[in-house]
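Starting off with a structure, shown below.
For reference, chains read A, B and C in written order, and residue numbers begin at 1 within each chain.
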């Protein structure tokens, strides 16, 4: 297996499971991209070889256990922060699971990510520390950098349960160029039954797209795009005005290019149904001469580079194409920090590691 | 200042097994397993009738069980704090 | 990956790939007689060079695969066989979800199984291997697999890792069952021993456990047998399991039934002859 193409095809269209010859390689690719749980759910009910079925059944159960643990962390955070009377907004996998969304099914969930208003940060920090969470790292430089420029508190871990929590006050670092309207995101939140919140559906996708491009070197990108594909389909099916609202919100947060690219990539990889009526999207469609793919949607040369990077996993679960990989790492840091700051940050980081 | 009112998950949300006087408890909402010694399981049993303050819980326990303590309310409050940290009990 | 081995051990199968020929060749020899997996392999292990030039210059083996420990230190190529074994252990410890995984040795006689668990260095591994040479069927020395539905133990007869001091106990075995001597490993000098023919031939046969044993080895210890309460046994078993929490309620049910229904005993011993005697005595009463 040379790349992740078969995996994404199978996720988009589970019925072609009969074509799979090498389940071992497929499993290795899925695991390396944290998609084994999602794949297991997509394949449920299909006729598979018995040992393959047993493997995916175990993966489904594991996904359920992960879901239970993730929702429990959210509940314990809720209990610790309830007296503060500030809105606590769940993000990413925990939010999808809590809201019963398709994107949450089988999703591997790591840390708990929550979003709070920036003004509430000191109180939130105090309450969490009092309820058994403690700092992970104890480095003054990292701490100062974090508090001043990052969009989240330094990482906290619960001393008994050994699970991490990331407390965000924005979806992008303060030094990054797009500046999302965080007040508006908090205001547009949707309530869950237990008093916690999630972002509004359009903001969920905006956040996911921002995370995909700005918050890393596209690591975990296939899973991130799978989230976007599932979210988009579910929200569109429930509300025909969703697409228009998505572009509006994306524009408001200064993230229309990121969202547009994310949707194009999701369409290319997972066949997310996009019709070309969205005027804004069309105008951002290609920055070069891409080929058409029949839907009226054109994929640009830059998009192709992203797709190559995203699919670069071989049948052993290894990341291929190291040069493309480096390019993305530097680019993502550039997005987060202006060049001078980046130089200083990297220099201090390098100096400290030398010790 | 009004006394705190405590609540616990309904009995259907836990599975318990008695072993040598200890209660092994599987808590479904969290997926965690706890080892409880008296009076912790008795406190949870007392809360099955609905949320209550520490004093009320001590009272309920007195009706259901034999309590061997000089200051049941204080002992109850201490155990409640432990149960709260473990996530088995919360303040409403 | 150029060099590949597929290996079936009890109900679990591995696909092992390597940048170098030697570790795979050694693995193949160590596990000769083991069946090839049919169909999908449960886990993939990769022995790879961290940087491309480390394949040839001061070659060192990074242990990777479906499940990885991010900060794991690589091993020198001479210990490639050990890296493969550690890689398989890692997949089990982090990825095994079909059985309750217990850090324990197990042996079987007359259709009944004995589980031996304890801290590393407590001696369960060597004891399990020895009993396997003394008329017991060896089921495993590192991991025991407890069935979530019916409470039986499944064999997982991987090669036994023997430290230098323990090797003398096995000088009667066919030398063809021994792997190469590996020196300078994190655990000193070790050699691997392939389980005997019976263990390999019957690797698909689970057995009903009837006793849990907590052995403790110490050169200054007096031979002692103690009862262990069910609650203590349960607690120690959860500590001996890496996947207990992930298994949720089914894990709780399986382990409470296991600890609640079976007698648990602890033995202290200063040499293996004593241990064997204690085990035989206990077994008669089981």
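Here is the rule we go by: a residue touches a chain if its C-beta (ideal position, glycine included) is under 8 Å from a C-beta of that chain, and two chains touch if they have at least 3 such contacts.
The structure presented is a predicted model; accordingly, all values stated were derived computationally and were not measured.
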item: By mean Cα position, the chain sitting nearest the middle; value: A
item: Which of A-C and A-B has more C-beta pairs touching across its chains; value: A-C
item: Centroid distance [mean C-alpha coordinates] between chain B and chain A, Å; value: 39
item: Centre-to-centre distance between chain C and chain A (centres being mean Cα positions), rounded to whole Å; value: 38
item: In chain B, residues with contacts to at least two other chains; value: 28, 31-32
item: Of all residues in chain A, the ones touching two or more other chains; value: 65, 68
item: Multi-partner residues of chain C (each touching 2 or more other chains); value: 245, 248
item: Complex interface listing, chain A residues touching chain C; value: 23-24, 27-28, 31-32, 49, 51-52, 54-55, 58-59, 61-62, 64-66, 68, 316-318
item: Sites on chain C touched by chain A in the complex; value: 1, 15, 17, 38-42, 44, 46, 48, 64-67, 97-98, 245-248, 250
item: Chain A-touching residues of chain B, taken from the complex the two chains share; value: 28-32, 85-87, 90
item: In the complex, chain A residues that touch chain B; value: 65, 68-69, 71-72, 75-76, 79, 132, 160-161
item: Residues of chain C touching chain B in the complex; value: 229-231, 234-235, 238, 244-245, 248-249, 252-253, 256, 259-260
